[in-house]
Structure formats: C-alpha cells, structure tokens
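First subunit A sits with subunit B, and in the next complex the same chain sits with subunit C.
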Partner chain A sequence: MVIQPASTQLDATFAALADPTRRAILARLATGDASVNELAEPFDMTQPAISKHLKVLERAGLISRDRDAQRRPSRLEPARLAEASAWLEQYREFWETSFARLDAVLEELKTRKHKRRQPSRR
Partner chain B sequence: MVIQPASTQLDATFAALADPTRRAILARLATGDASVNELAEPFDMTQPAISKHLKVLERAGLISRDRDAQRRPSRLEPARLAEASAWLEQYREFWETSFARLDAVLEELKTRKHKRRQPSRR
Partner chain C sequence: MIFYPDSFKISTPTDREIVVERDFDAPRQVVFDAFTRPELVRRWLLGPDGWTMPVCEIDLRVGGAYRYVWRKESTGTEMGMGGVFREVVRPQKLVATEKFDDAWYPGEAVDTTVFEERGATTKMRLTVLYESKEARDTASRSGMERGMIAGYNRLEEMLASIGVNG
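And then the complex of A and B:
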C-alpha cells in the first residue's frame, strides 16, 4: 500500500477548523470583511483572544489581512476550504451508500409498523 | 449577529482529520476493514502508536471497532465526514466565485500575451 505524503497544508486547515470560534469567525467573514473590533464585539471575547484566532486562521491560509490599513480588515480566503472539501469528497460514495442503507432500514421498519397497525379484517 | 453554538462534534472531527497518519488510516479503511496489525504494517509505526490514532478516530466517530472479535477490525464510519463536508459546502459559492475570477484573470493574461506575439502586419 502506498502511503499518502504528509500534507502539512491539510493539517493546518483541519486544525484551524477544529474550533467553534474560528468557524464562527469564518461564517462572519463570509458576510463581508471585518476588523478585529468588529469581530470581537459579537463574541464577547477580548481583542487579543480574537487576534490569536485570526493568526491561526491566517497561518492556515483561511483568511488574509490587510497589512497597511489601520483597521487591518480580515478577508475570507476560500481556496483552503475548497481543498479540504475536495479531500472529504473522496468519501462521498461511502456516506451516500451508508445513508441509502439507513433509508432502506427505516422504510422497512415503517412498512412493518404499518402492517401491525392495519391487521387483516378476515 | 447570532453566534453559532459550539459544535463539539465538528471540533472532534476536524481535530481528528488534522493529522496525515489518521487521514491515511481512513484512506486505508475506505478499501476495507482492517486490524491494528494490518494498519500498522504499511505505516512503519508501532502498534501502540497506531492504536492511539485509532482511539482518536473512534472518539470522533470516524471509525468503529469490533469489541468482541480478537482482531478488533476497524471500520470507516462516514457520517461524520458527511457532516464536515456539509459544513464546508456552505462556502462553495465563495471558492467557485474566487476560482472563476482567477480563470478570468488568466484568460485576460493569455489574450494579452497572444496579442504581443502577433503584432499587426501593417
């Protein structure tokens, strides 16, 4: 079996996504660029705490930040998300098969229940 | 702005995926169930090291293991991968727009190059 080469990029992407605040920051940035202030406000977190999360997201390439402007707004960078999504897509046939199997089982159970509720009138 | 509730399941899924060995184990299990021995062999890792990774994958719900059998084969459980994929899918329009923009820029550059290479013959 050939072992896949270590992908430090995917490591960084998935690690960055393994935090609810960072995922919420990305969701916020999907609605438009935002400064640290604007990001800190709804989270009830200090600016330094938000800044730490932004650094993780930036290192993972999930956001970019304006270097020059005083506000340094953060921007969602979707390429890494696309890469992570492509990795997960490899497994789509597995979950689709598995859900189809589950559907079949549920359908079977419903049919049985239905049969019990409608006894023959002979 | 409404903040998304913390999703400990997505945290666990993404954290488990943030490691190249664990991703390779999932890729191996996609070809069929495997025992710790079978998993350890191609990775040139000790069984305890593989067992640790399997525990992380199992806790995250990405694999299940046969409790009774001596071989305790691991099996890929795709539902969590589907969940992670659904989360990423929210951002599909972002990367598709961004890639379309990139395509347009590349097309524009190609056209310009082509024009430079074919000067008018007047």
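And then the complex of A and C:
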C-alpha cells in the first residue's frame, strides 16, 4: 500500500532525483552556488551534459538559476526537497505507525492464547 | 516521534518494486492471522493517528476479493483500495492485486507478502510490484512514476548527505 503523493510537481521532483548525477549536483550545490563551468569540472562531464541535468532540476523546482549574472550560477531550492522528504517520511511513518500498533495486537493475541492453553484456531 | 526498529526497511530492488520489511515478535501463524483477519487488520493497518477503517473485508482464497476503506474522522476524508488474491499459502505467503480508488499510478500493482519463521519471531517482507514497463509507458505519467520509484530509497541517502532531512 502506498500513500498518494501530493502533486505532479512531486512526481517531477522524484523523477529528477532518480539520477545519480543530479543527486551529486544537488549535493555540490548544498555547499554553495555554482556555475555550469564549476559543476562540469568535478563531474568530468561536458557543459551541455551538465546543462541538460540542470534543466531537469530546474523544472522539478529543485534549483533556481540566476538569469542576469553572466555565470548564471545554480542555487539549491530546499523547499522542494523538503516536500519530497516529507512525502517519503509520510510513507515510512504510515508503515511504522501501523506496525507498532500491530506489535500491540500480536502481544495481546499471544497472551490470550497462552491463557487459554490451546492451539491456535484457524 | 516514531521509533524505527532496525528490522524495518524500505527499499527498491528494481525500478518496478518497493519492498517493506519488518520483524515481529510472534509466531508466524499469529502474524499471518493479524494480516488476514478483518477484525484484527482494522485495528492496526491505520497509518497516522486519527484514521479508522470503516470497511475491511477479506475473502481469503484464490480469486477472493479484499476491500479496505480508511476514513480520517476529523475531516471525513476517505481513501479506498482493494484487489483480488492470486495466491494464498497459509501461513507463509499471500499474493494479491492492489488498486487504489484514486490511484496516481497506472493499472494495478501486485503485492506479495511473505512470512518467514525465525525461531519465536517472524520476518515479514511485502513486495509491491508495479505493472510492466510496457503498460506503464502507455500511461501518461508512467515515466514520472518510474522515476519516483527508482529515486525513492536513494532520496534518503541524498537527503542525509546534504543534511536536509535533519
């Protein structure tokens, strides 16, 4: 069972995050803004390849890019990540909250069975 | 605050699957009952506080249907899902289709639940398998969905590495 994510925007976010290079770019941007040049070097990729990834990240709302400055630095937009993180957390919470309740139900079933001293009924 | 036991794991072994694992401190038959008897299921399969399960019907046989409806009592919001059992091996394995009334993913998914006895405890492993790539690719948002699932468990690592998740 799965809890429904809030929006198609969230789908785009997860799709963008599915790629390891894009996650690495985000991790790099978390340490500070960077231009395409600055990103191309450590990733050993061409500028057009990096630009393609940046476009996907921008469309997903995970980064913003400065239109005016010549370097056009990319900046991490933490709000979208936080939304994606909240959805994931909701999924984990759904299951573990349920399982913690199940633990209590199982305890009760075991105790009941023990008291009756009879095999489980089917 | 939720405490996550070590045995609780969510992973995505392939781009069509989500796997949820958890150990339970009870014999397999007892855990199996808790997953398949409606009067027990509706007591725990509720997610966050404030939700109830007004509908919980389980016809536990191959070809039998199940139907769940959850309700958030404070708002009256309802969410329903159901499916059909394809395989019932008591008390070790269940295979059933799954479809939400208001699903965001195309077609049905198939849930396989395996209960493995390990001494006095039982390891539960739920695998949700989404439809074939072909079926998904014909659906308008299939690409997004696949990406979402693929990115799903890796997201956690990434959030940890950039410190967003606190």
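Observations, loosely collected:
Please note the rule applied: the second predicted complex is superposed on the first by the 86 of 122 C-alpha atoms of A that agree within 3 Å, B and C clash if a C-alpha of one lies under 4 Å from a C-alpha of the other, contacts with A are read in each partner's own complex, and residues count from 1 in each chain.
We adopt the following convention: a contact is a pair of C-beta atoms (placed from the backbone, for glycine too) under 8 Å apart; a residue touches a chain by one contact, two chains touch by 3 or more.
Being a predicted model, the structure only gives us computed values, none of them experimental.
Of the two partner chains placed by superposition, only subunit C is touched by A:105; subunit B is not. Of the two partner chains placed around the shared chain by superposition, subunit B is the only one that A:42 touches, whereas subunit C remains out of contact. After overlaying the two complexes on the shared chain, residue contacts for A:17 are found with subunit B and with subunit C alike. In the overlay built on the shared chain, the residue A:113 is in contact with subunit C alone; subunit B does not reach it.
Once the two complexes are overlaid on the shared chain, A:92 sits against subunit B and subunit C alike. Of the two partner chains placed around the shared chain by superposition, neither subunit B nor subunit C is touched by A:50. By the touch criterion stated above, A:25 is placed in contact with neither subunit B nor subunit C. Of the two partner chains placed by superposition, only subunit B is touched by A:79; subunit C is not. Put simply, subunit A uses residues 1, 3-5, 10-12, 14-15, 17-20, 23, 26-27, 30, 76, 78, 81-82, 84-85, 88-89, 91-92, 94-95, 98-99 to touch subunit B in one complex and subunit C in the other. The touching residues of subunit C, when paired with subunit A in their complex, are 2-5, 8, 10, 18, 20, 22, 24-27, 29-31, 33-34, 40, 43-49, 79, 81, 90, 98, 100, 102-105, 109, 111, 128, 141, 143-152, 154-156, 158-159, 161-165. Taken in their complex, subunit A has these residues touching subunit C: 1-5, 8, 10-12, 14-20, 23, 26-27, 30, 76, 78, 81-82, 84-85, 88-89, 91-107, 109-110, 113, 120, 122.
Listed in rising order, the residues of subunit B touching subunit A in the complex are 1, 3-7, 10-15, 17-20, 23-24, 26-28, 30, 42-43, 76-79, 81-82, 84-85, 87-92, 94-95, 98-99.
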